[in-house]
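Before anything else, here is the set of structures, which you'll find just below.
One chain, chain A, appears in both complexes that follow, with chain B as partner in the first and chain C in the second.
Take a look at the complex of A and B:
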């Protein structure tokens, strides 16, 4: 019986194992080899092993660290902004949406647009001579700021990102807010709790798991940003809007430094894995302490 | 039951036949440059070729296009992977060294030299071999507002203001000149004079519009400035000379204009379309822009604010020369083509006089020999200018067709925009560029 079950398990699991080996295992091994080799588009099939040189090149490249800093700042700021705005909208608009559920549709619209299209759209929207934003600023105030110069581009990109993805956080928070049983709030009201106290003591604690999940999803998305930044500002003057994804893309395609690009992505993978491992360890510790 | 099976088989047979028929009608796949006049012209040429009675069904042309964004990167990845998804592919002067390993040289036939001239054919050569037919030549025009310059040249008070402004910003009192005899300083003085924040009497908001986005094509536009001061990428011994006084002068002049507000505030995110929009809006007095923009900027339907006021000259002169950066586009043969013979026939046809004239009439910008271009001078007067400027002022930087030429432009774009945006000093930007170029061009 045991042998039959084991055989059955092996047969059922084998397609997945083959799939993982082919589509994840093989590229991962090739990437590791490339990251330790001198390789170009001409020598993709015959790379020359050079040891850890590519890793040294990446770790001593100031542009790599600037890109890390850009991605980290961008991920954190946009995730915080989207979560705060989403939370505010979810709680503030909840009574209205309960009565008019069709309002959800227009609020979700930004999510339907591809990030690359958002970037292109804002290239037009912010253009001094054809864009509506500078037009109205000139009409009413006689001047318009430079939205995309080296000093302001980062914040403009953050606003564009937040405008597109706040509805995602809003959707999650609204669902979590709706899932809180009405009786709990009513009981608190009978006990004399103010709306602020209900929010602080009941709503937010019960929504916390959703808030944490939404924050991490948005942080990861912001950290690996590529499309809208690339179409709106490219890598920016002097590389000032180079995210890690853009750094890797440019090293690979624009400079033809395949080994360096792959080494950077391996470093990124190790760093991401370390962060996730750390978070998992913390969560387990907390779970054990609670038990 | 038997009838049903037969019916299904018949449907399958019809589907298979139609599939093979459509494949047979598109046996030579051509990958072109997407968007803009090049695509329009190539579509017209492909239709004309397919309509020829001498072209067999197996050699009909089918066109495919990638997106422009990252085109060369995607093309390189495809070709390096040995793709045979296209038989004929786009080729650019500054990328020949990059793609030559994946392409085959092609014999364009005896008429090609008569149609294009030897110098233009050279824009598609690498290692002494012809890799493609030159379909479009890109260089840069100095676009200016004739009405504004004419008024300036007639007004003595305006001339005094012009001298005052040029003294303040450029350190020398200059007098307005006809644009065809501008030096770079004259152009800069004109740009400063027509900047509203400097001269409140200016009828336009900005004196010029610079395309300063961190993008290799923008750096091609910039090159003619240092070149006219004697700048080059390398000297005869192969030493990188990017830190020359010529480059310093050119970079500083751009920064002077940007810092003075003579170009729109967001110029550091501007490329071709933004520059066209700014000049076309009637709010900029001059623009150094690609020749391909001439059609749109002089078209009343597309640029009603400026169409009948646009003047076009070659880029200004420097103390050493007047220079215009040449960038050729063409089509060549993929080494892994499925239909090489068909591809060669298409390329040879494109190199004939009839095909090149049709391509030009359909909106393309081929650089044609004087006696050939004379046949369409009425329809395409800009092509006469194109040929004239290319032969008189055209240049390619030393090292400009090497395998890493595009990476050199990318590097310069990053470092030069870093200087213009104030993120690094001129010396630092040039030192970084020099060390990077030494690695790329060794």
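Take a look at the complex of A and C:
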């Protein structure tokens, strides 16, 4: 009976497993082989094994490390900005949204637009001749910074990313804020706690797990950013906005350096796996400590 | 204090949706007006940009992009649910793969997908799936799988086990229970998964960029063609109209989804 049921579970899960092996397992193996080979678009089917040369090329490539640095900074800065803004909006606007829940819709709308589209839209918004932002800055201040030059492009991209994904943090925090039992706050109020004290001693500590989750989700998405950076600045000016994803894309499509691109992919895979593994381990340990 | 909250809300909505609003305004301006008036008002609203982009030519075919996005997204969403639902049932009820399979797929959401893009590109070249709607749809399935699986496992976890057991006593097989008992109960979760998956698929860009070149180009990639194609600078009016048309389907669906979520939340509250 149990064995029969166990077989049934296996059968039900097997389509998914087969699909994953085909579309993720096989590519992972291809990645591994090609990263250890010399290969070009002409010799795609007959790579020659050459050992770890591609990895050495990647790890000694200064633009690989500057791409790492870009992704790391971009992920951290945008995640912090999104969480702070989202937290503020969730707590400050909660009384309004509780009463008029449809107000959620316009706040969530940026999440429905493709990041690639948002990147294209900002090319219009920030354009020096047809963009309203430079237009009004010229009108009122007589000058407008060039948002997409080498000095400013990074920060422009951070703002673009943060404004699109703040609603995500807001949504998570609003849900967590709503989940705090009213009695807890009322009890604190009766004990004479001020609104600021309630926020600091009750709301924020109870929301902390959600804040941590939101931060990591947003950090990871910022770290692997591709779409909006690609459509807004490409990788320019002068490669100053090359994220890791864009580095791999350009190595493959623009330079035809397949081995290097694939080796960088494997490095990135190992790095993200290590980070995820560490996070899971930490979460499990905390869960055990709490139990 | 109440007025201050309303002000913050309005400012937040305007700032967060700023690029969409600017693009919407620009899409109703003629080329002549745009060159002298980049501001927020429209002197003479016109539909000429929309008329222009709907004229199909060899290089830019907006109906083709929309159709590609629609078909690839439908494949990517439907297939993800077809694969995830039985697996979610096995995970939730049988505990199958809860230790290894589930975390592996959930973590997939955090892995930069570009890692798989290059070998998939080569794989597709070998089997002839490059630049096809089916090929793009298969990849969008991968993009959608993690979230679909999480949502469906949670939904099934919430159903009381007694429901399954009652059906089993009545002589239903596991497969029958899944389709006849569990599926109707988690219908709201299936709908939410479908809508959310469709939006995610429609908005995907990286794989569309890498795996399609002409026949199967999705809307997100096609929109960027309008920026690159015209020699002598971008035609901002038509480009804006394209972006609005391309962004509209997921935005409208998002408004629908918002209602669905709040609807199922109130339904849960009534039941509880």
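The rule is short, and it goes like this: the second predicted complex is superposed on the first by the 270 of 291 C-alpha atoms of A that agree within 3 Å, B and C clash if a C-alpha of one lies under 4 Å from a C-alpha of the other, contacts with A are read in each partner's own complex, and residues count from 1 in each chain.
Everything that follows uses one rule, which is that contacts are C-beta pairs under 8 Å (C-beta built on N, C-alpha and C of every residue); 3 or more make two chains touch, one makes a residue touch a chain.
Note that this is a predicted model, so its numbers are computed, not measured.
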item	value
First, second, both or neither for A:231, with chain B first and chain C second	both
Of chain C and chain B, partner touching more chain A residues	C
Partner chain(s) touched by A:240 [first = chain B, second = chain C, both, neither]	first
First (chain B), second (chain C), both or neither touched by A:130	both
Chain B versus chain C as contact partner of A:255, first or second or both or neither	first
Chain B versus chain C as contact partner of A:183, first or second or both or neither	neither
Chain B versus chain C as contact partner of A:147, first or second or both or neither	first
Touched partner set for A:9, first chain B, second chain C, both or neither	second
Which of chain B and chain C A:191 touches, first, second, both or neither	neither
Set of chain A residues, in rising order, touched by both chain B and chain C	44, 123, 127, 129-130, 231, 253
Of chain A, residues touching chain C in the complex	5-6, 8-10, 12-13, 15-17, 19-20, 23-24, 26-28, 30-31, 34, 44-45, 89, 92-93, 95-96, 101-118, 120-125, 127, 129-132, 134-136, 163-164, 166-167, 217, 220, 223-224, 226-227, 230-231, 244-245, 248-249, 252-253, 258, 261-262, 265-266, 268-269, 272-273, 276, 280
Residue ranges of chain B touching chain A (in the complex, touch as defined)	69-70, 73, 76-77, 80-81, 101, 212-215, 264-266, 268-269, 274, 277-278, 280-281, 283, 404, 406-407, 410-411, 414-415, 417-424
Contact set on chain C toward chain A in their complex	2, 5-6, 8-9, 12-13, 15-20, 22-23, 26, 34-35, 38-40, 82-84, 86-87, 89-91, 93-97, 101, 103, 105, 107-108, 110-123, 125-126, 138-139, 141-142, 145, 149, 174-175, 178, 199, 202-206, 209-210, 220-221, 223-224, 227, 234, 236, 239-240, 243, 246-247, 250-251, 253-255, 258, 262
In the complex with chain B, residue positions of chain A that touch it	41-42, 44, 123, 126-130, 144-150, 153, 231-240, 250, 253-256
